[in-house]
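The chains carry the letters A, B and C, assigned in the order they are written, with residues numbered from 1 in each.
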Amino acid sequence: MDTLIEVENLKKYFPILGGVLRKKIAEVKAVDGVSFKIERGETFGVVGESGCGKTTLGKTILRLLKPNGGKIFFNAPNDELLEITKAEEDIKSLNQKRSAASPARVTRLLKRYGMKYLSKEEADKLKGVPDAQLTTYLREKIPDYKKYDLTRLPSARLRRIRRHLQIVYQDPTTSLDPRMLIRNIVAEPLIAQGLAGGRKVHEMTLEALQQVGLSEKHLFRYPHEFSGGQRQRIAVARAIITHPKFIMLDEPTSAVDVSVRAQLLDLFQTLQRNLDLTYMFVSHDLSVVEVVSRRVAVMYLGKIVELSQTEELYKEPLHPYAHALFASIPIPDPTRRRERPPISGEVPSPVNPPSGCRFHPRCPLAMEICRREEPPLLDVKGGRDPRSGHFVACFAVNRPSG
Amino acid sequence: MKQENLVEIRDLYLNFYTYDGVVQALDGISLDIKRGEIIGLVGETGCGKSVTSLSTLAMVISPGNIEGGRVELNSEKGKVDILNIKQSELLKIRGREISMIFQEPRAALNPVYTVGDQIAEVFYHHRMEELIKAAISELENEVKRTKGYKQSVARRHLALLNQVLKNPRSLKLRFSSKLPILRGYRNRVKRVTRRETVELLRLLRIPDPERVVDMYPHELSGGMAQRVVIAMALTCNPTMLIADEPTTSLDVTVQMQILHLIRELKNKLGSSILYVTHDLGVVAETCERVAVMYAGNIVEVAEVMPFFKKPMHPYAQALLQSIPRPGQKFVSIPGTVPSLISPPTGCRFHDRCRYALEMCPQVKPPLIEAEEGHFVACHLYTLKEQYKSLES
Amino acid sequence: MNVQKNKHARLGYRTALGEIAVGIVWAVAWWITWIFGLFPSLGDWVPYVQIGAIVAGVALIGKGLFDLRRAPDYADLKKGIQPTLKEFRFTLKKIRGSPLSLMGVSLVSFFVAIAILAPVLAPPFTPEGYPLQDPFLIYSNPQETYVTTPQPPSAQYPFGTTTGKINLYYGCIWGTIYAFRLGLIVIVSVLVIGVVLGLIAGYYGGLIDEVIMRFTDIILAFPGLILTMALIVALARRNWSRIDAAILGIVLVGWPGYTRLIRGEVLRVKTEDYVEASKASGSSDLRIMLRHVLPNAIYPIIIVASLDFGSIVLFAAALSFLGLGAPPRYADWGQLINQAGPWISYGLQYWWTFIFPGIFITLFCLGWNLLGDAFRDILDPLYRRK
């Protein structure tokens, strides 16, 4: 298992403008130094309440927002590989035209696609070599995957990478353009990126729709003719049509009914198996995240306060906020009613977060140090295996002596 | 212990006339809401729970139209059919005997008025007399205590307020209420109202109510705004409060606080609460009885403990099973909620029900009492009833 | 036989649609030459050539429709069009439901019909049968132009005449075409400028937005009528036709309003989820602007544009009445009223001189106004069904 996405100390602030000259008078620190890794094929859950920054985190990772600090690393299929395929096709078409692939032509091709990886002597040696050997040679030279730093990619490159980074929004009513036919909505990523044309677009659109459980007769209709659950499926079809590697699911089940929710979650899991997808599942609904995720991170006011395997976290949340959060889930079992609400007060505004540990004003375990310093995110299991560690950012848990 | 019924909904039929056809939203709903109980009304989107709560206050507007049925309220004045009374009577019931709160708190509050002003509006509308009387008694005390200028001012205000009670449209009043200095007597009432408002906010556990009273709705967080809305609903100590998904848009921790608050209020004030929601967890946490709706019909009514232990209707069972649990495969109800323009015949759940019998598409099952206090509308149980009566 | 079938089989629906398009363009082009009296110098069988060409165009349209029916992939086209047709039919039903919008639609259709049939209703020929050089210059027998007193309506002159024996009926009919031409040119220009600038300003924001907005502010600071009048006078010195100058003036005064309006809508649409979703799908800015933002932002603009159509024509009529629009004897309603100037003070004695053009102006504006209202009531895509 390898890392697909690595986030390092990511920060995203929104400026508040005020005064006569509209200068920046304050900042909403939506995401304030978040670091974690997502592995290929896993579902990474992020939970928290409104204002904790989880949606901002997801959109920033996808570079829909520009981060104010930190790095995002994405291990994507090398897009130069696409160029190899184009080179192959060019060579094949050259051969088909019966005119011999003159050395000059091959050199030109090599110049376009392969020269940057080949030294001049190697290139000279390769002239006149049969095509099959040529492209295998090129393929060996170019790595399959490349680690892209999304924060520093120029916009053209970023647009090309987007085919591997997709998003499904919370509200299916507003995430689909009401003036467009379903066919155009789902096919848009293909057309926008120039990945296919004509007949192929139609085929791929149909295939995407079938994978989410819809069919051809839904192609030529408008979004308002469908129910919420179906619209969400359409949004999923749009997300998978470019065969992405990573999909950010931003509260995809919050706007639909309980019974449809189960169908959608089932769909996500099936697609993950079939298409080898990696998910980041952001939600405020703890029970839903519990079912789909392998690891879960709990966020509070722009920082991760606890990160662990799902079962461990849900059985025994260590951070006081996480503990209170889990204790607040209404359980469909009247024998387990709670006597008191587990937490009092409300989430403070992210414009002026409390000093030190952000949770200290509401924390039952707050100590002197909590007001002064920010607790670091440490592995309570000693850091033996970072993949299965249980990370908590709390002095009371990590340093009970203070 | 049988409690008395506060509101009885009987055979309520409701249709919506739309461009695409007639939507048969409610198909003969019957429900009893007892005095002083919290009853949950559960169902998915489109099942009709929201329109049921609206019908209870006769607030359904076109293209919706109530085709038949009664909503009877057992008020002090006797039994009143809310669907069949004069507008003036209805206005006395709304807000005073039955109040309603909605899902989006910030949509229910007017953004250009402060919290205090909005709650005061409800006070003025329903409890004006009491407020004036309270102001009068205060003034009488003040007259006794003070001397000189203050006393004469107090005396003048007292006279004016008494005049308001006796003859609101007298010339003297109409004069004084318009002129700037002479208007002072109205501030007395305002002061009383403000006091009452602050007390109300304190009852709802809003921190620092003196400050909140002067805040605007956009300055409040979701939880606080919802508390303000509940405060507005409680100004007149209604005998019933209808809550239409009040916590759906709030965070989980805030939701827990509000649910506890609602339980606490019910205990303190003794009102009944009709809690409309789609979340069974909330029902388990808060309610004493629960009614399940599907596609315009009530399919099961029971007390909360027996319901969760042994749900009877196949839809209720499927609903409980479809709540995601870790380690379990997802169980979802096959099919989708039917269109109510051409609803399924007979039992509206028959095409998704795993126990569907021959008669289910043909005959609509009535709501029968399968066990004590546990009602269900399903042929599986109607048959059982018949067998039982055959045996005895 | 088989070969024949194959030949037809190759005509897909796209070819048929192309035929229809060519037919329309052909017919419209020849109709324009007929209306505006182009090619008069080629003799007096020219009108027949023109009419013949128009008929040929219509025939091509017919053939195109016929081929469309028989095209093998016609079913695909039908499926693709279905939802749009359904929406269209829904819109029509809504129009039928409201009497005011029905009136607006009928009025505007009435005027469109007059405009199309103008050469039939008021043939642009001299009484002797020679085609007119410029059908918009109302012709009178040169010997009779000295007759200054207006003549009341009669069989020969259905609406009467005004100063200089100007046939009011002819003037009103051809004035309709002039009004449409003026309105269309102005609206299209203003919309194009407004959309381009508004989209860029709204979508990109920042410095570009500020610059464009301040520029519109500057133009808005000028009083419209005065600016237009000044422009017309200034351009007349450079031998611009007064009509062209009037059009330019109206466009200049009108574009800032549309820019601001469109920018406002763009700002609203920009924040919608589907725009961001499109960005996440890798769309370029241009694609997002044209395919997502514009179609969703344009609805209020259509309403304003149709309301404006009437006021633009009214404005132009006002200019003509002041003597700054169309030249004398021109078929323009405002100009006709200008000609009626000296006769208004007689009260209703010479009523036909100003009542007839006045009715045309009023009904035209009213029709577009009602149409604009109708659009507003029926065009909001998300809430129509409620």
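In the analysis below, a residue touches a chain if its C-beta (ideal position, glycine included) is under 8 Å from a C-beta of that chain, and two chains touch if they have at least 3 such contacts.
This one's a predicted model, so the numbers in the text were calculated from it and none came from an experiment.
Counting C-beta pairs in contact across A-B and across A-C shows that the higher total falls to A-B.
The greatest centre-to-centre gap from chain B, using C-alpha centroids, is found for C. The most centrally placed chain, judged by C-alpha centroids, is A. Taking each chain's centre as the average of its CA atoms, chain B and chain C sit 56 Å apart. Centre to centre, using the average C-alpha position, chain A and chain B are separated by 41 Å. Work out the mean CA point of chain A and of chain C, and you get 50 Å between them.
Residues of chain B found to touch two or more other chains are absent. The multi-chain contact residues of chain C, meaning those touching 2 or more other chains, are 385.
If you check the complex, the residues on chain C that touch chain A are 79-80, 82-83, 87, 272-274, 276-284, 287, 291-292, 295-296, 381-382, 385.
Residues 59, 62, 64, 159-160, 162-163, 165-167, 169, 171, 174-181, 188-189, 192-193, 220-222, 224, 235, 238, 242 of chain A are the ones touching chain C in the complex.
Across the interface of their complex, chain A is touched by residues 44-45, 207, 221-224, 251-257, 259-260, 278-285, 304-305, 308, 318-320, 322-326, 328, 330-333, 336-337 of chain B. Touching chain B in their complex are the following residues of chain A: 49-50, 227-229, 257-263, 265-266, 269, 284, 286-288, 290-291, 310-311, 314, 324-325, 328-338, 340-347.
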